[in-house]
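Shared chain: chain A. Partners: chain B in the first complex, chain C in the second.
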Partner chain A sequence: MNSAAHIVYVFHLLVILAGGLVATRAVQKDRALVGLITAMFGVAGMYLLMNAPYLALMQLMIYAGAVGVLIFFAVMFTRPAQGQEERGRYLKRPLMAVAAGLLPAATLAAGAFLFIRQAKAQAPEIPVVQLGAGLLGRYALAFELISVVLFAAMAGGVLLGFERRRRR
Partner chain B sequence: MSLDTPLLSLLLGLAAILAFAGANGIVLVWVERKVAGRCQRRPGPLHVGPYGLLQPLADALKLISKQLITPRRSDRLLYWGAPLLSFMPVPICFLPLPFLPEMATVRLNLGLILILSFIGLNSISLCLAGLGSNNKWSLLGAARAIAQTVSFEIPLLLAALTAVFMAGSMDLHEVMAAQGPWPWQWFGFMNPLALLLFLISAVAETNRAPFDLPEAESELTAGFHTEYSGMGFGIFFLAEYAYILIICGVAAALFLGGQQGPVAPGPWWFLAKMYALVLLVIQLRWTLPRVRFDQLLNLCWRWMTPAALLNILATMLVMLALKGA
Partner chain C sequence: MSDLFLFHLAGLLLLGLGFYGLARRRSLVGMLIALELLLNGAGLSVAASCQLGGGDPVAGQLTSLLIMGLAAAEATLVVAIILVVTLRAGDSNIDSVSELKG
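For the complex of A and B:
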């Protein structure tokens, strides 16, 4: 990596960290979401740095564009009335955030150090055709499992919605 | 300093794109008002300059000189961030559009995905505007904008994908090159359903009438930009015109052969097709009444999404059959 890449890397890292901090520390949910979307932009930048533009654009389209917007939808309808926002110091929250961040980071780092001996100086850009073949061939099971997770999340959301309605 | 410096050419390109977007905004306002006038059997703007040509400049001057008001108890950061965020993706979206034969500002092999992913960011800015304004109309407008854009993104992407399949590339230049000079060699002619679906979704994505529910004047005052004055509104407006241009440019490149034409192929064909589509979009606004919200969502989920899926399947089958033959 040359020095320009280092600078870009640090910049994206700062964007991700700042976005994450805002997402966990903001009192208002809408601001927290803006933080989350900022962090997603940083992640997309990291993908670009790894020479994976397709993944970066998908990150923007799906996470920043679609998922972020859907969370906005949820925030909009669960908004507390003006002046009734939850206030107070959350001591637990940063601790939990650190724990939640460290766990996947540690797992990934362990995996990376165990299985990948040497990092490539410059990653080759993989053509979209090859990506598609991979997603429908070698990694088909993993790809489909993700959609099962999404389905479970959606079904859970619907179930919670019904539960809350019944309680009223 | 020579012109080859990447930074300088980047800055020049950016300035050129912004100037193009701004100039188009001004001209299209005039066209919009003239078309509106003609559609309603009146002459449209007449008095400022010849044929009312200076009317948009007067409008722009008015918008710039207006006081910027921040509503009390609104979220200042989100409120002023929203119009900026709405315009920010515009220069990026202009980059892959095939304006010029070879230079084409930037040649990207993922050009189409780049445009479509950044256009989606516009809906975030509408959300921010709705949430930040602390106004019920804005909030409702934003809620509508989200439901609408999230829904219509699906047929839009699927229709664009059919053209990508037919060309075998996501580079707009290569999609153009895969089509011939004559209209019957264009993807829009070979696959008219995809073109139709793309155009309908494009109108919905850019929040234009008959799908302008997020700002529906008669129901929500002005929807998400109710509270914005002066250039706050002006930037939203400029971004809207820029997005119309971009999406019409994409349609022209994907389905109408882009720079290909029967005589003298070149960028002028692309521009002519793009502006013809823009004119169509403008004319639609003044011809069709606004649809109801349930009609809008029914149209998307019941008709357009299944049609787009079936169309993509049929395209694949035909392509396989042609390949096998």
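For the complex of A and C:
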């Protein structure tokens, strides 16, 4: 990356950090969701920086679009009257949460710093045709399996939603 | 510091924030949001490893896509679970579903 790309990288990193902090610390769930979507936009920027524009597009469509709307539905189902759902005795233990986040991340970062010896200076840009050929050729089974998993999850979701109504 | 390490740092930042959120949040929706952060970090690290490391870039991008698909499936199921827990227990706080009857 050249120096301009480094500046863009730092910008996206700050977007991820700010969005992630809002997502994990906001009291209101809808604000946390906005933080999550902001962090997803930062990750899409990271994909663009590593020469993967198709992944960046999918990141925006799947994560920021589909998953964001799904979580928004969950927020609507569970909206509390006062919006104070996260206040409680557990918030008196923030140090444990910080340790839970910091320890694995710091350990893995130290490992990456020690063991990453060689890396390409420029990431190759893969044409979408090549990705499509991979999905329908060598990785066709994985592609089909993920659609089965999605179908099973959605069917399970619908069944779980109907269960309560049947009992009434 | 190589570019690969920088991208891994971003992925690890998401991992740390995800674990922090999982440990801090007490509502299922908050935990789901933290889990999505975790999976975002995993996808970013896999893609970076194959784009800038020695791996196959096509495999890396497709693995990252599969992680996105898994995250969508997991979010669908968790939203259904949240719906059921909210209908049964009145709220989506994990304290209200951590005790057994009897």
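FYI, the second predicted complex is superposed on the first by the 101 of 168 C-alpha atoms of A that agree within 3 Å, B and C clash if a C-alpha of one lies under 4 Å from a C-alpha of the other, contacts with A are read in each partner's own complex, and residues count from 1 in each chain.
We take it that contacts are C-beta pairs under 8 Å (C-beta built on N, C-alpha and C of every residue); 3 or more make two chains touch, one makes a residue touch a chain.
None of the values given here were measured: they were computed from a predicted structure.
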First (chain B), second (chain C), both or neither touched by A:140: neither
Touching partner for A:75 - first (chain B), second (chain C), both, neither: both
First, second, both or neither for A:7, with chain B first and chain C second: neither
First, second, both or neither for A:66, with chain B first and chain C second: both
Partner chain(s) touched by A:57 [first = chain B, second = chain C, both, neither]: first
Which of chain B and chain C A:95 touches, first, second, both or neither: neither
First, second, both or neither for A:28, with chain B first and chain C second: first
Chain B versus chain C as contact partner of A:116, first or second or both or neither: second
More chain A residues in contact [chain B versus chain C]: C
Common interface residues of chain A - those touching chain B in one complex and chain C in the other: 54, 58, 66, 70, 73, 75, 77
Contact set on chain B toward chain A in their complex: 73, 75, 77-78, 81, 108-110, 113-114, 116-118, 120-121, 123-124, 127-128, 130-132, 134, 139, 142-143, 146-147, 149-150, 153, 170
Touching residues (chain side chain A, partner chain B) in the complex: 28, 30-31, 34, 37, 53-54, 57-58, 60-61, 64-66, 68-70, 72-73, 75-77, 79, 82, 128
Complex contact set, residues of chain A against chain C: 1, 9, 12-13, 16-17, 20-21, 23-25, 29, 32-33, 35-36, 39-40, 43, 46-47, 49-52, 54-55, 58-59, 62-63, 66-67, 70-71, 73-75, 77-78, 80, 85-86, 88, 90-91, 94, 96-98, 100-102, 104-106, 108-109, 112-113, 116, 118-121, 123-124, 126, 130-131, 134-135, 139, 142-143, 146, 149-150, 152-154, 156-158, 160-161, 163-164
Sites on chain C touched by chain A in the complex: 2-10, 12-30, 32-34, 36-37, 40, 43-44, 47-48, 51-54, 57-59, 61-62, 64-66, 68-84, 86-88, 91-93, 95
